[in-house]
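In what follows, chain A forms one complex with chain B and a second complex with chain C.
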Partner chain A sequence: MKGVLATDRRGIRELGAEELVGWDEVTQGVILESFEVPMEENVAHIRPEERPYSDFSSYTATVASWRVIKPVYNRDICIDCQNCWVWCPDTSIISRDKQMLGIDYDHCKGCGVCVEVCPTNPKSLLMFSEAEEPEAALAKWPEKKKKEKK
Partner chain B sequence: MAEKMELNEVEVWDGNYAAAQALRQAQVDVVAAYPITPSTPIVENYGAFVANGYIDGEFVMVESEHAAMSGCVGAAAAGGRVATATSSQGFMLMIEVLYQASGMRLPIILNVVNRAIASPLNVRGDHGDMYAGRDSGWIQLDAFNAQEAYDLNLCAFKIGEDINVRLPVMVHQDGFLTSHTAQNVYPLSDDEAYAFIGDYKPVDEMLDFTRAVTYGAQTEEDWHYEHKAKQHRALMDSYTVIDRVFAEFKEKTGREYKRLESYLMEDAEVAIVALGSTVETALLAAKQLRESEGLKAGVVAPRVFRPFPFNEIRDALANVKAVAVLDRSCPMGAMGALFNEVSAAMYASPHRPLITNFIYGLGGRDFSLEDAKAIFREQKGHADVGYITTPLQQFSGLRGPKLGFYEMKRSK
Partner chain C sequence: MALTSIKNLKEFSTANERFEGAHLLCPGCAHSMIVRELMNATDDNLVIASATGCLEVCTAVYPYTSWDTSWIHIGFENAATAAAGAEAMYKARKRKGTLKDPDAPVKFVAFGGDGATYDIGFQWLSGMIERGHDVTYICLDNENYANTGGQRSSATPVGAHTSTAQAGRVSYGKKQKKKDIVAIMAAHGAPYVAQLAPNKWKIMAKGFQKALETEGPCFINTVSACTTEWKFNPKDTINITDLATDSLMFPIYEIIDGRQLNILYRPKNVIPVEEYLAAQGRYKHLFKPENRHVIDMIQKEVNERWEYLQRREEAGV
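Coming up: the complex of A and B.
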């Protein structure tokens, strides 16, 4: 994620910005290679930002424009339970060594599942308008709800 | 290692068993199938061959034909030699995935035992399913008898898997008439057959973990057209490999196949163009008419329905006066598909014979020797007067008042 992992090529290009070639140059069977070089090592052991993703992998494409609302993450409340990381359908929660780092806004579609599964009080992830600045969103974060006494 | 099977020089096999034996000799890695009449014995026998140790392969039982072809796509993308069989309603349910298989350039072999399409429900042979596959991007080979069902299956693997083709191939045979008629079949030995086909050479296989690839990508208006055009080009160009494989097969077996078969056409004045087991009926009719009535009749039959033998049609019909093109599928609101394609080929030729269309044999309605002779005689009548005296589209073997559509336009 830009700003979080400096070397990352995640979302560096707009989807569809690749060079258009003629019918004689497209790949046979619409086969798209994920990496630019052969991967002798098990890819699962290499961190995503260190993998040589090709320009035809969606990893390097940004689809941020598809989103109208976005989750904002509040580090001060998060307990690093990894629920959001497990449930995110677009692998857009970035976590390292079981510590939540942030959200991949290049691939997040704004579905809100991460907010739904967040167990903290108040929630550590909340949905805001796409135009909302993160600082402004954090400034209006709700207070902890008190348990009602029976 | 799979057990070898000792075969006699001549076996008595029906079309289904002949196809199943070819799948065994090709040592197909995966068959994903949802058996359907009349193609059931092909995949049933593959399963039995696996169970009895004659194939090192996997029979995958699935919940529908859509899933069957999907399983085939997955196994082929993984890097295996893959085949299956279906008919009629099963074929219709497969259609969505047929386009996926060809678009991904996976050389799956599909035995289509041709059967009518409901409604009304019918298990007998006609070419409705074969026609429904004609835009799906598959090579379509047509066997007219059990021997050809065996031979063309062996050729199908070699054609589809060729590095310059890499397209899926259908091998068609007529339901019951070919699939369930036991005939003399001359097989190759297991070693000869496998040597002819060769080892499967995977391309872009998903089980190569050093080179991760995406199958089934989405492309919109900026890429889709180029990919489809490339695929069409590959199918159009596949004839060179088909011709080479047929030549190699002839060298090995003495049995000759051509993309367009022509019988008694050297001096023919009238001709029938047909597909499937009807070709043998028409040929017998032509032989008898030549002897009994001196009628110079011949038969032309696309062995390869896709890629369509456009040029070969023009050459084969270059000297005939009248042609009847037979479609064993109800075109529903148009002229028959084979008629249209033959007519289009002849229109772009210096010689344009009189061409009429017959719909026949739907739902397994018998097409007899006499039916074929009547069509030949009618063509002779057209040839003699120099124009088409009947409706352009007629129905052979149909009960009720005579049904026909369109007349020849002779003046403005």
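Coming up: the complex of A and C.
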């Protein structure tokens, strides 16, 4: 893949700039800037959807093609416990203001960890085939399971 | 410095992520769970150095970066040195008054795999701790050189099959014991040393915050279940980690100033190590009758180690 080289103040030129540079031509000390502009404010105080990500941030890329199965989210059962948020390895559970809002399907790899750690009965997240429509998946949602007597 | 509230998960979840998706770590990899938790535990600026290994390679695939903080891509052996160098330069410039924003809080962190930490970067890490840099070093311990195809490291436990300690007709896998890196780091007199696990998210977040807050060099060994080399289904990363902490294969504890040891998690029901081993392909061969003695040996070691940790905690020395 062709890319960029460190030179000007920001240390980079835009992807697709006239002089394309392969990774093997990148000079020592090259900097990839995650944002389009120098960040004056602390990034930790800015929500992802409000950040000026540059083309170099993997936020702008997708791994959706890795999935063969995907998690589907059922808002009706969810208790917003945030288990899925804390353990998702791919920053793909979107939580804002203590609420689970859904899944970021650009970055989710379909590992299924979120389903395993979801504590509700039935679960608020379940794995379905990648091709399954969300409405169809929700229509198939299982009933509450009775606790087995030990 | 500003720490994120970790009173409960809901509050913790209001942290604004600085570790982005579309990195190329395997689905279900625990490395990124641990990294996310560290970065979400504070809103201070972070300067992070990563040793070569799965984390570094998969989060900086040209032309992409997954890091929204200052992040240094460095060699296999010298994450500790790179972080220490940045920290020393920062201090010097602060003294000379040449920093643009001298009051902005900054924390220096280094990540290394077990290969980078226990083996290849061992003396560099030792030097960083001995010189007293204000750096938090976190080892992502998946007990093998995962990024190059699962070779054994000095963190690989007895009995595990790896690509260079293979189980077969003449061998039951690795024969040598796992190096006790936590004890070695504590013996340096570091102010804060701990072993933590991502399934116990709150204990881990607390430990991370303690390390970030503590002035001076801190070391944390984290258990990082590796779906590819431990051979388990990616959905089970947290389930396997539960088995690891509840069988006491990975006791969770901290050591303050090289002396006071505190156990941070006591399982209500301690499960036999056999259950932990049975859940992973890398230990499959141990369940042949001729290898039964290896499981017994591992259980005995785990029991003795737990006994030792409890006694040290009680003694308070």
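By our rule, the second predicted complex is superposed on the first by the 116 of 150 C-alpha atoms of A that agree within 3 Å, B and C clash if a C-alpha of one lies under 4 Å from a C-alpha of the other, contacts with A are read in each partner's own complex, and residues count from 1 in each chain.
To be clear about the criterion, a residue touches a chain if its C-beta (ideal position, glycine included) is under 8 Å from a C-beta of that chain, and two chains touch if they have at least 3 such contacts.
Here the structure is a predicted model, which is why all the values come from computation and not from measurement.
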Subject >> Which partner, chain B or chain C, touches more chain A residues >> reply: C
Original post:
Regarding the shared-chain residue A:Val72, is it in contact with chain B (first), chain C (second), both, or neither?
Top reply: neither
Original post:
With the two structures laid over each other on chain A, which partner does A:Leu32 touch: chain B (first), chain C (second), both, or neither?
Top reply: both
Original post:
Does the superposition put A:Ala137 against chain B (first), chain C (second), both, or neither?
Top reply: neither
Subject >> Which of chain B and chain C A:Leu126 touches, first, second, both or neither >> reply: neither
Original post:
In the superposed arrangement, does A:Val43 touch chain B (first), chain C (second), both or neither?
Top reply: both
Subject >> chain B versus chain C as contact partner of A:Cys118, first or second or both or neither >> reply: neither
**OP:** Would you check which partner chain A:Pro89 touches, where first means chain B only, second means chain C only, and both and neither mean what they say?
**Re:** second
Subject >> On chain A, positions contacted by chain B and by chain C >> reply: 23, 26, 32, 34-35, 42-43, 56-57
**OP:** State the interface residues of chain A toward chain C in the complex, per the touch definition above.
**Re:** 1, 3-4, 15, 23, 26, 32, 34-35, 42-48, 51, 55-59, 61-63, 66, 80-83, 85-92, 95-98, 104, 106-113, 115-117, 127
Subject >> Contacting residues of chain B [partner chain A, same complex] >> reply: 103-106, 166, 203-204, 209-217, 219-220, 222-223, 225-227, 229-230, 233-234
**OP:** Please name which positions on chain A make contact with chain B in the complex.
**Re:** 16, 20-24, 26, 28-35, 38-40, 42-43, 56-57
**OP:** Provide the residue numbers of chain C that touch chain A in the complex, in ascending order.
**Re:** 9-25, 27-33, 36-37, 42-45, 59-69, 104, 198, 201, 233-239
